[in-house]
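Before any comments, here is the structure.
Think of it as A, B, C and D in the order they're written, each chain with its own count starting at 1.
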Amino acid sequence: MSALAASVGTPSTAGAPLIVGLVALPMAAALAAVLLRRRAASAAVLLSAPILVGLAFAAAAMVLSTGSPIECVLGAWKPPLGIVLRADGLGTAMMVVTATIASAVALFAAATERRGAAMRGTAPGSSLNDAGATPGPADPPPGDHSGGPAEAGGEADGGGERQPDAAPERASATFWVLLASVWGALNLTFIANDLFTLFVALELLTFAAVPLVCLAGTPPALRAALRYLLLAMAGSMLYLLGVALVYGSLGALDLSLIAELIAPGTDSAPRGVLLLALVLATTGMLVKTALVPLHAWLPPAHAGAPPQASALLSALVVKGSWFVILRLWLTLGEVPGGRTVAFALAALGAVAILFGSATALRQRSLKLLVAWSTVAQIGYLFVAFPALVAAAAPTLATEALRGGMLQAISHAFAKAAMFLAAGLLVERAGRDRIDALGGAFRRMPIIFAAFAIGGLSLMGLPPSGGFWAKWLLLQATIGVGAWWLALTILAGGVLAGAYLLRVLRACGAEAPADLGADRAVVAAPAAAIAPDRLRTAIVLGLALVSMFLGFAAMVPAERCGVRRLLRSEPITQLDRPIEVLPPPSTPHGAAEAAP
Amino acid sequence: MSVVAALLDGWTVLLVCAGIGFFVAGTTGMLRFPDAATRLHALTKADNLGVGLVVLGLLPQVARPAEGFKLLVIWALVLLASAVSSQLVARVATDGPPIEEDRNGRTAPAASGTPLDRSGSVGAGAQP
Amino acid sequence: MIPALERAVELAIGAMLVGLALWSVLVRPRFASIVGFVVFGLLLMLAWMRLGAPDVAMTEGAIGSGLAGFLLLSAAARLRCSEIRRARIGAGEPQRARDRSPRRSSIVALGVGCAAVAAALAAAVAALPHPAPSLAPAALERLPELGIGNPVSGVLIGFRALDTLVEKIVLVVALVGVWGLAAEASWRRAPSVDPSPEIEPIRFLARALPPVGIVLAIYLLWRGATEPGGAFPAGAILAAMAVLVLAAGLGRLPPTAARSLRLAICAGPLVFLGVGGLGMGVARGFLDYPAGFEVLSIKLIEVLLTGSVAVVLLLLVAGPPEEAASANGMRRPEPPL
Amino acid sequence: MTAFLLVAAVAVLLTVAGALVRVVRGPTTSDRMMGAQLIGTGGIAALLLAGTASRLNSTSDVALVLAILAPFAMVAFRRYAAATQAAASRERRLEIDAGAPGAAPPQGGA
């Protein structure tokens, strides 16, 4: 109790309104989208997107410049009684990623809806037009805005064909609420510093993600959504059990307090119980992250979901629960026995890499291939865990953390690009079969390129973000002497290349004659034959970000005030609010400041 | 004073014991009576009189009149619930029980042509 | 003697809970399992009371045993109707139904997993420090700053207001998800709790009970400041009363697109968010209540939250909007082939 | 007095356990529902007894909630029975209609 009483938290730091806005604005937008009529609903979300992007970048810049997290005490209630939101480097980096991808997806969805409306002959709503034309998030780097002559040809029949029950109104009205909710839930997940707030944030995330899966309304999609819901609920329960054990043994929910209470030298904490709590909570989150063997919900969930929903799910939603695991392990990872569990996690990750890639190789549907590739890529997120808890080697731990974060971020961009590209490819081909993709290379070269670039990042070719991520992960795994993990990482890259090649070769093939003829016959309204520049630019932009992330994203994982959680500093300093870390000189020198 | 208190306590003991008696009788009836219709009798006794006597017995023990009023409201609600519930159970018995699945938890198409089997499976086999 | 008696009661309730939980999971007929679930809720209520948590007991009774029981039985009715239909249509169907049920091996694996978790939990709980560390004294100490007397309400609407806020948004999002299950043609129609076909006793109940229920809800809301109660149980009781009225055919819901309905759904969380945001300007931070207006703010939020919770729970029970109810009172399962 | 009331609460709880047997054994759905109903009222009585014994005011509030929701499960049960009956009779009608030549799609015999 005395430890609790002594550390009654810190006052909010300067950037507190930023992070409050990052949480409150998307939630307000979600509620507004429930309240408003459809056009205004999408406009509300689309208008809040640039603000959120600005807030996220501002928060990231602030953390980077001060080198210390932004903290916001809610109400006037400091921990242990109250809640503190705490945006460190990891959190702000993920919020920037979320803002970028979510606004790109929002624009993509708006463009899809507008095209759908045009195709059905109804005039697109004026407010939607306005919203679509807003400068919007400035952030998918300015890609090639020329849609390419091939695009202008005939994107005519896609939307109508793919969703025969063309659910424009229901799906649209639902989608905008869900998008904003996912956004808010993720932001809260990234900055919550409290085990129960994390739980609530994940509940919001799950309840927003499940309807995304069944947006199409088809029976298989409903089945997939139900399966996802049930598994996710089981995961929530396991997590909650873990939280209850932590509270029961420490009387605290705030992560900083917990780190302080279990620091080496304090004997009061029952370590065995904490290990069990860690295992339970991690298992619960693994279900939501879809790590093998708890991945059963993920591929079917993507099979029937519209591309924008798949992009959100695969790029962002699974990262939310992974991030919670990361937070848990950064706080509790050093309890006795944690190292063994970390190796078990890494082994599961290795299995995921091999099994997911091999299964992806055998898929006949493009979306399922990309979904299984997600299963494989999630494996990479866990191979670094043994290094992460290597308390004796802070350099290694930092490397593992950087590798994991970079993998999460670059995979998010790459997979968002690939799912959106796959959506466009499938929309054009008329059905979701890889061998029906023939001619895509000639008709949609930019989409093809975007898919390929995203794939290169998955494979881990330089200079992509995926390359740097895998490089760091390799170093981290070799550092803890796990050669088998390193070999798995390499093998995973090869397998990724193989399944990617399958798709690319199919795209490069000639169009099946019968299909082509079929397409040509279906005449579309004149309004629909318009270049699909916006969507193409979004997809390409996302892919390019994933490619060039290697250069940009070396920074956040280093300067983020997370190191204190890695216990490389004296414990007594853990909760001091502001302390400027020395700026990193080289990528490798990031952790040498540790005593 | 103590005499009054003792009397009140005696009242409580007496009525609560009687209430428990009705509960025991109701449960025994629930367990021993042969079919649903007769068990309904047992249920209503426990509902109406068991709770009622317990409430009446507890009245002298409450701290404030408001609490006593709440107890009486609870009894009234239980009476209402009991009246409606027994009506509903009886209606279910007369209008036909719900069509239940068979022992395996599945609906098997009945072999015979009887439209509605007492044991609960549907006699709606497709074959004429 | 009394401690021994209490221990006996605890053991009895615990044993009944475990046994009933196992039975409801294992028993084959769906109806039996649902009744088991309802009774489990009742016993859980007693257990929560024994643990000194009347707030949780109240919510468990209203949600776990009341509304959830109703919802499960309604769902079971629909499932049975479609099974009855399938039994007529073809002999091929039951086979497919069997294929979809989980395999024995996965059931066994699940059981082993559950048993392992339960055993580990039992061991861990035995190893927990005694007396358990608790924030309850701290919460009680700071309670006067909020101007209310019930520590549970203090935690919900004061110390951990963010969690409560997000939970309420979760409810709204869940409702949107349920509405998203509607068919395109019936999206925008009114959701409905179909009236029962034979309604005199139910109609009587639906006339007699809601006035009492409304008074009780207001009472719980009012008492929530100082005694167990508060927005969630009050909202759940209101929702239950509304469900009763709808089931008796004495009223109907507005269509999903109705502005008033949407306003009722969002009002609670929006005002909560708004007052919280106001705190950044006029108080000490986000979700802090303006000094001097704490009680007023909390009351305002609680009243609106009660309304929103009631409407959302009612709509969650009613489910997605569908085709109009058929003549005999139940939803048409599927169009005839 | 406290001890007496607690003993009384335990006694009522024991009868609840008896009703549990009816819930588990059935045999009909009505029996299970009646068992549940008895457990509900028994729970109310036990709560009142124990609450008065321990002078806990909020117990009667909980009992109030329980009492007001007591008929709820029965209403749901009635709907369940009516719905399944209606579905069965509708299917029977359809089957009779299908008996007319050519009205129904041919069923694969098994």
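Here is the rule we go by: a residue touches a chain if its C-beta (ideal position, glycine included) is under 8 Å from a C-beta of that chain, and two chains touch if they have at least 3 such contacts.
Predicted model, so just to flag it, every value in this text is computed and none were measured.
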{"item": "Chain pair showing more contacts of the two, B-D and B-C", "value": "B-D"}
{"item": "Distance from chain D to chain B - Cα centre to Cα centre, in angstrom", "value": "9"}
{"item": "Whole-Å gap between the CA centroids of chain B and chain C", "value": "25"}
{"item": "Distance from chain B to chain A - Cα centre to Cα centre, in angstrom", "value": "54"}
{"item": "Between chain D and chain A, distance of the C-alpha-averaged centres to the nearest whole Å", "value": "45"}
{"item": "Touching two or more other chains - residue numbers and ranges from chain D", "value": "29, 33, 35, 57, 61, 64, 68, 71, 75, 77-78, 80, 82, 84, 87-88, 91, 95, 107, 109"}
{"item": "Where chain B touches two or more other chains at once, by residue number", "value": "73, 77, 80, 84, 88, 91, 95, 98-100, 122, 124, 126-127"}
{"item": "Chain contact topology (line, ring, star, complete or other)", "value": "other"}
{"item": "Each pair of chains that touches, named by its two labels", "value": "A-C, B-C, B-D, C-D"}
{"item": "Sites on chain B touched by chain D in the complex", "value": "9, 12-13, 16-17, 19-20, 23-24, 26-28, 30-31, 36, 39-40, 43, 46-47, 50-51, 54-55, 58, 61-63, 67, 70-71, 73-74, 77-78, 80-82, 84-85, 88-89, 91-93, 95-100, 115-116, 122, 124, 126-128"}
{"item": "Partner chain A, residues of chain C touching it in the complex", "value": "117, 120-121, 123-125, 127-129, 132-135, 138-139, 142, 145, 158-163, 165-167, 169-170, 172-174, 176-177, 179-184, 187-188, 257, 262-263, 265-266, 269-270, 273, 276-277, 279-280, 283-289"}
{"item": "In the complex, chain D residues that touch chain C", "value": "2-3, 6-7, 9-10, 13-14, 17, 20, 23-24, 26, 29, 32-33, 35-36, 39-40, 43, 46-47, 50-51, 56-59, 61-62, 64-66, 68-69, 71-73, 75-80, 82-84, 86-88, 90-91, 94-95, 105, 107-110"}
{"item": "Chain B-facing residues of chain C, complex", "value": "28-31, 80, 83-84, 86-91, 94, 97-98, 198, 201-202, 204-205, 208-209, 212"}
{"item": "Of all residues in chain C, those that touch chain D in their complex", "value": "1-2, 5-6, 8-9, 12-13, 16, 20, 23, 27, 31-32, 35-36, 38-39, 42-43, 45-46, 49, 54, 57-58, 61-62, 65-66, 69-70, 73-74, 76-78, 80-81, 84-85, 87-92, 194, 196-198, 202, 205, 209, 212-213, 216, 220, 223, 227-229, 233, 237, 240, 244, 247, 328-330, 333, 336-337"}
